[in-house]
Amino acid sequence: MQALDQAALFLIVLAPLAGSLLAMFMSRDRPKDAWYFAILVAAVTLALSIYIFVRYDYTAGGYQLSRSFGWLGAPLDINLSLGVDGISAPLVLLNGIILMGGVLIAQTIKHRTRDFFVLLLALGAGVFGVFIVRDLFFLFFFYELAVLPMYLLIGVWGSSTDFGTFLRTKEYGAMKLMLYLVAGSVLIWIGILALYLEAGQQGVSTFDMAKLSDLARDGGLDPTVQRWIFPLFMIGFGVLAGLWPFHTWSPDGHVAAPTSVSMLHAGVLMKLGAYGIIRVGMDLTPAGAEFWMPVLIGLGTVNVLYGAISAMSQGDLKYVIGYSSVSHMGYVLMGIATLHPIGVAGAVLQMFSHGIMTALFFVLVGAIYDRAHIRDSHILNGLFKRMGVVSFCFAIAGLASLGLPGFSGFIAEFMVFTGAFQSDVRLGFVPMALLAGGLGVVGAAITAVYILRLLARTFFGEADRQWAHLTDASPVEKGVAGAFVLILVVVGVWPEPFLRVINVSVATLLEAF
Amino acid sequence: MELAWLIPVLSFIAFPIIVFWGKRLPGGGAPLAIGAIAAGFALFWVALLGFLAATPDTEHCLTDAATGTLACNFQRAWFNAGLPGLPDSVALSWGMTIDPLALAMLGMVTLVALMVQIYSLGYMKGDPHFGWYYACHALFAAAMLTLVLADSFLLLYVAWELVGACSYLLIGFWHERPAAREAAKKAFIVTRLGDVGLLLGILLLWREVGSFSMTAAFELAHSGEMSHGVATASSLLMLLGAMGKSAQFPFHVWLPDAMEGPTPVSALIHAATMVAAGVYLVARAFPIFQYSGDALMAVAIVGLVTALMASTIALTSTDLKRILAYSTISHLGLMMLSLGAGGYTAALFHLLAHGFSKALLFLGAGSVLHSTEQQDIRHMGGLRKAMPLTALLFSLGAMSLGGIPILAGFWSKDEVLSAVSHGLHPVFIVLALVTALLSALYMARAMFVVFFGPSPESEHHDHPVHDAPLAMAAPMVLLGVLAAGFGLISFNWPGSFGGIGSFLFYHEPEGFHFTWWLGILSTILAVAAFAFGYLVYVRKSLSLEGFRRSFAPAIRVVERKYYVDELYQWVVDRVVMVFSRFIALFDRAVVNDVLVNGPANSARRLGVAMRLHVTGHVYSYALVMALGAAALAILWWWRVA
Amino acid sequence: MVPLTYFQLLSAALFAIGLYGVLARRSAVLIVLSIELMLNAVNINLIAAASHMDGVGRFSNFDGQIIAIFVITIAAAEVGLALAIILRMYRNRATVDVDEINLMKW
Amino acid sequence: MPGLTENLLLLTPEFALTGLALLVLAVDLFLPESRKGWLALISIVGLLGLAVLSVVMLQGREETLYGGLLAVDRFALVFKVFFLGLGVLIILSSVDFVRKHLSHPGEFYGILLLSILGMNFMAQARELLTAYIALELLSFSLYVLTAYARSNPKSNEAGLKYIIIGAFSSALLLYGLSMVYSSLGTTSFAAIRDALASGAGAGPTLWVGLALLIVGLGFKLAAVPFHMWAPDVYEGASLPVTAYLAIGSKAAAFALVLRLFAEGIVPVVDIWSRWQIIVAVMAAVTMLVGNLVALAQRNLKRLMAYSSIGHVGFLLAGIAALGPGDTLVANGIILYLVGYAVTSIVVFAALIAFFNHTGQEEIADLAGLADRQPFLAAALAIGMFSLSGLPIFAGFTIKFYLFTAVARAGFLWLAALAVFASFISLYYYLQVIRQMYIQPAPGAPPEQSHGHAAEPPPDSNAHGAAPDAASAIPSPGWRLALVLGLGLAGVFWLGVYPAPLVAIIEGASRAILPGG
Amino acid sequence: MSWLLFGLLAVLTLGGGLGVVATRNVVHAALFLLLSLTAVAGVYLVLFAEFLALVQILIYGGAIVIVVLFAVMLTRSSDYPRISDNRQWPLAVVAALGVLGVLAAAFMSRPSPVTRPQSPVFDELASSLFTRWAVPFEVASLVLLVALIGAIIIARASGNER
């Protein structure tokens, strides 16, 4: 136990990374082996992520399972410092789950299979890294590492779609996604440098987030400077979180991406952005965060409504889900921006919940696309008759996404609204927050509109003859989808195991405000 | 009494079992659902007796200052939002309040649900998704019972949404029919619009109270410390939710369409229980509404408008189930009106009486539909002979709702009218009486046309029309008894029972009060209406043709349901979807193509343009170097000088 | 005595002439010749400075001349190699006109 | 008066290197055509031996020879080993190319070795003329190597342009040198520093002289606006020579510039602080021009040329940010040079392997490489990702280090601009990767987009069928594979754990930045 | 006397230079170069740098100009006279004047030292060259070696290209 505690965090990054490197040396001609190997690695990381989550002692709070490895000394002071807190622990678990699901679903990849898993595991390692490091350099390192494989994953294994009036090739989707995310990271990088400099002015030249956080809390960072730095983080990380108007990479990326990549993309990658805003923006530049939160809450609201309204008139299933992700990430941003314990905790829970939910969506859309080779909801119909399990799960995912109680999304969204309604306790933007909360609720209603339209149009009813050949989900797909549904329900009914972990760290985080 | 938590939980447990293993269970899982609800009904009696035995000294129980009634609270921790112990965190619990209001609803819901589920055994026999049907029923029952028992607004909202979802699933049960799909979607979305208000109202209250607990909110309102504006705003917002669920104008459009679902579902969800949840909500939050005052007025107006509008439409509708649906809307409006007038007891009494009667009517209609496979009353007639039991029970229900004395509806409606006459401006009572008259008229119409009128010549039934089988008949009989006799509980009977008003009241126990002039007037109106109906539809001695001709335009407006559906459709097609398409186009053309591709393309074009400076001529390279050298030298010199 | 500045100005003028030649001529050979002019300007400057040193360092007044020797050496090597390349160019392309020597551009 | 033999021992590696070059030239005369491969072997073994010799002999020595002309210090040693190692890798990757595409292999290797000697002296020079002569040794070698493929018109043209512009710039540099000499009477870096500090002899002649020196060095670095020769020369030269140009000559020039600035100018803070901005602007313009113009390139070598101009911009930002006693920036520059070299060698080795089999060098020619030769494609992709500064590869770490150092020195805006410029660069690096991984190989069936209205297309996973035999490329020979392997290992190592290298570099920086 | 001599030599130097950059005939240009270089040697003499003057005459006047003339002969073709200035010559004038301006301004901004020109004796020069400047000297020899090898390889008639 002691030994595992010491190594768990290191291993959870190392395992997928080493898996990725080892997979490079596997034979290209035996794709099945690569799949089995990837499952093995993913299972190890899943086990580790569960261990980490369970092991997190919510009564103690703070960062746990911490380790630090020296990397570069003063004046840079970069160390590979690891640690999880209540905000990252659920996200680590989320990534473990989604990575496992993604690897399983990737069974259908037949082309350059080995390379696919090499990249997918590297992606997983990057995401784990971001969630567990306590050093700005390594945070940025893993952040970019998570972005990097996306280009090839989408570009090589993706699909191009002709929408009649416009064309979305996989090259375009991949290129845009990559450029967009790296553009965001440009801002982050500049922000990190600025933060390092400002801390250096105070005699604390370091990239160590713990030290920087202490410095910020002691009032060591000039508030004016923080106000300049925070927007860099807000937009930089916001790009990855799908912050309006920097969101278009996301739906287009989904449309181009293969199923398991979409799962990771929407399931965890977008969470990195929101996590970054919390972990870097709010924790290290609290005064800046406080100053800019009215803007963020406004943008979050725009996200919610804009995403939902856009989703309403989309025909392609992946566009619908993609825009719906934009909309749902709006709740996360909104929750963060409330600066209220309930709102922020809701945002974190929403990250988890949306991760599972949207991954489920993509599993199902992928299953449909694999069989029908089309994702146009105007052409597909009556799927319930042909693909009962898929449709059933889709309906459940849809209900979860419109915030139906009993599913995790409700708890999270409700907490976000609650936070928004109370956030004036600390800040002077009551009308803003009330409006945001109110419009957020409206957004949930709009979600109902497009989800139900979709269900009615595409899944219910009689099927055309051309869909007679469709078969229901494979056992692997059923298993993954079922597991996701189960998680949605369990968290929706009994969120306490998650919330008690999240609450403790959110409270610590918000002490700075 | 604490065992009451089992009532919803049993059904909750039944749901997944039926979903996953229904096919392997005997009877497709139906016995499990029925068993669960039957146990719930039994437990209701346990809870009722426990409550009646309780005093303010009993553990968990105390007299609620805001409502003036005894209430018992039981809680289990659910989850904490925010770190426990901090001032702005909130601990949420699974909690139930057992008080007269909850018990009354509990009894009605368990009973009607039980009846309907039994009835469905016959009605849904042979359906390919029989198990799924019962699973949904179980889930619905669980959610509805949770709604009734909930002690916090949040839990209420949870249940509220879940019943909506069950309604959605059950309306869309026959999803192969496009109309059913559309109706399900419409029902969910329209109620969801109202729910936006409900959730906002709840959140607004939370903001004021700092807790989702109803008791806490009521106490704050009762003590007068709640801001008046917040009370008004949040109660109006909650009213929106109630209007959505209870199909009040202008959210009423979903309910008639919801008749696309199986008829027992209509009986249970869209007549007796779920649609009453709106009224229940207003009653539950009555302390806040009353504190606001203005909100109560809004409730009254909404109720009156709805009642009037729906009853006129019911008169012109030709679909049997839709007549009943509009009737439901109208009666829900009356209940709202009563609440708005402060007639708390009257509203709830009417809710219960209407619930039994309307369930009965729907089950009767279901029986008719089941055997004739026909919904249009113009194609029916004279069914009295073929299905006497159904005819009897249906007439009982219709007369009860029409306000024929002694039957349950008469008493409850009179209570309502009495409350309205006491609590509100005279205009209200006049219009309420009009509604009562209309209500009797359309009930008479439905009853006489279907069962007593002449059988349409053109209709030849391919298979013989038969009366309801036992599984369907037994529940109807039981409900018929209630529809007939339920009104009797309103009296002060000798002994300890002081009538419903002594049990279910707000602040002050109420005795039975009967306003004589109103009673007589309404009796006259009801009897006249039925007599008129008899003359018109059975005897055919009166003709409405002249009336129809002279008021043709007005009638057309009513027949087209005041164009509310068209208005909705127009808004959706011409505003919402157009806006959505605009946003989608904006997203692609402006946000993506201009703001995203634009800089990217500009950078590339800039690169293409800039590369021209490398001309390939060695002398121009040298020239640039020379100029650069001169410039650098000048700058270098200038900076240091 | 002619002051140092005059020699320096002479060198600068020669340098500028050479520079003009490099920038303005089309024949590669002439460009090479112009570069030689520039290098000569360097040498004038070096030797003039060396001759006018007032003994800043022990060897200082020699150094200019020594540097000039190196410059001449390098210049010679440069001319040789450049002309060899021009010759090769001429053989392959039959031109020494730098206007035509732009297979590669942009 | 110090004699010729003064501390001759300390120059043993240089003499040995000269000897090695002459040996190769001599052996060439006696080797039959089929055995010319031996020359490369001799060179490589010799270089490795010299590297070991240098480390063993010079470790820990801090000396100044010939009255301040040459330094024997940690800085020189680090660069010496770097250049020797680079020589090994370049020769390894040239062998196949030379055998296939060039004549006179003996002279090729001999001149290459002599140019390494020039680079070594550039890193050691503490005096302008010595530096200049060393630089000319390197330049002349490169002129010859560039024009080496004499039947190739592009090679001729590149050689001609290179030598003309090179001679022109050396004239400018020499004129600067002469102006420095005329104002100071001496040309050692230390004298420049003293003159700047005391003001004796300082004046416009010195300023303008220094500016012209920078012009001459700027040409060598290919800094804007002295960069225009670079794309043509890179394109015209043979691939191994291009690699050598991109890595070696650049690194040597930076070694020289670094020592010149660190020892001659930077210590005089009040003057340097006024000049920094000029260098910074030059850096800014360089990185922008290089990366923007690279967006419009189609030829791989030209792309690499503009890309390397962009990287020079980043390195110049480091030069601009140099400060007295601040080793972080100097570390950043040296680390960047090493990381850039390691990455570039991977890229060029892969390109050489590709060219050896196909004779193609346009970006579009790479189409489908991932199917035709996965190893090459992966190596090239890793190189490209690293160049664009993405993590787990050297590029990320070195950029982060350098930019942090630049920002820390007070040039946050320049660091920000550098970050932005490297973002622009990502686009064209991705274009290369796109060709290899996404575009189908020539001859493979074109992939169609899945239309919504169209017939259901074939299974999306079925595309990119195995390439036909014609388009497949055999795996690179063992030499190139070795280079690629070593390079990739270096790329990963630097990307993950550069601390040991940083410690070594720190020593080098201290040698030129006293008080650091 | 020295003024007169300097003036004459300056005129010859610059005149030769202008001739190099202005003439249309390459052979004339080479001869102008010879003139200019010889005048420069004269300038060295004015500066008492006899050794350098000697080197100048020998290497430039002899070797380089001859090489140039050889090259001109070898590449001679009918189009030589046609070649003159390129299109950017006005810009070239501006650049040249600009550079001249900067240099002249730099030189003139400082008072000239009032020292007599002086010169080292030959053996001092030689011993400095072979002691202190030994390394550059040897490197320069390698430069010559490289240039030599390169010139041979590049200029040699092709035939065995692979």
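Order of writing sets the labels: A, B, C, D and E. Residues in every chain begin at 1.
The rule we apply is simple: a residue touches a chain if its C-beta (ideal position, glycine included) is under 8 Å from a C-beta of that chain, and two chains touch if they have at least 3 such contacts.
All figures in this text were calculated on a predicted structure; none of them were measured in a lab.
Path length between chain A and chain D in the chain contact graph, taken as the least number of steps between touching chains: 1. Core chain by CA centroid proximity to the global CA centroid: A.
In terms of the distance between Cα centroids, chain B is separated most widely from E. Relative to chain A, the most remote chain by averaged C-alpha coordinates is E.
Chains C-E form the pair with the most C-beta pairs in contact.
Between the CA-based centres of chain C and chain D the separation comes to 27 Å, rounded to the whole angstrom.
A straight line joining the Cα centres of chain B and chain E is 102 Å long. Per-chain CA centroids place chain A at a distance of 69 Å from chain E. As a whole-number value, the distance joining the C-alpha centres of chain C and chain E reads 5 Å. Contacts with at least two other chains are made by residues 4, 8, 15, 18-19, 22-26, 31-32, 43, 48, 50, 53, 61, 63, 66, 70, 74, 77-78, 81, 85-86, 88, 98-99, 101-106 of chain C. Those residues of chain D in touch with two or more other chains are numbered 129, 133, 136, 140, 143-144, 147, 150-151, 159-161, 164, 168, 172, 175, 179, 204, 207-208, 231-232, 296, 427.
Contact with two or more other chains is made by residues 600, 611, 614, 616-620, 622-623, 626-627, 629, 633, 637 of chain B.
Working note: touching chain pairs come out as A-B, A-D, B-C, B-D, B-E, C-D, C-E, D-E. The part of chain D that touches chain A in the complex is made up of residues 328, 370-371, 374, 378, 381, 385, 390-392, 396, 400-401, 403-404, 407-408, 412, 415-416, 419-420, 423, 426-427, 430, 433-434, 437-438, 447-454, 456-457, 459-464, 497-499, 502. Chain contact summary for the complex, chain E toward chain D: residues 102-103, 105-107, 109-110, 127, 130-136, 138-140, 142-143, 145-147, 149-150, 153-154, 158, 160-162. Of all the residues in chain C, the ones that touch chain B in their complex are 19, 22-26, 31, 98-99, 101-106. Within the complex formed with chain D, the chain C residues making contact are 4, 8, 11, 15, 18, 22, 28, 31-32, 35, 38-39, 41-43, 45-46, 48-50, 53, 56-57, 60-61, 63-64, 66-67, 70-71, 74, 77-78, 81-82, 85-86, 88-89, 92-93, 98, 101-106. Chain A contributes residues 166, 176, 179-180, 245, 247-249, 252, 306, 309-310, 312-314, 340-342, 345-346, 384, 399, 402-406, 410-411, 414-415, 417-418, 421-422, 425, 437-438, 441-442, 444-445, 448-449, 452-453, 455-456, 460-462, 494-496, 499-500, 503-504, 506-507 to its touches with chain B in the complex.
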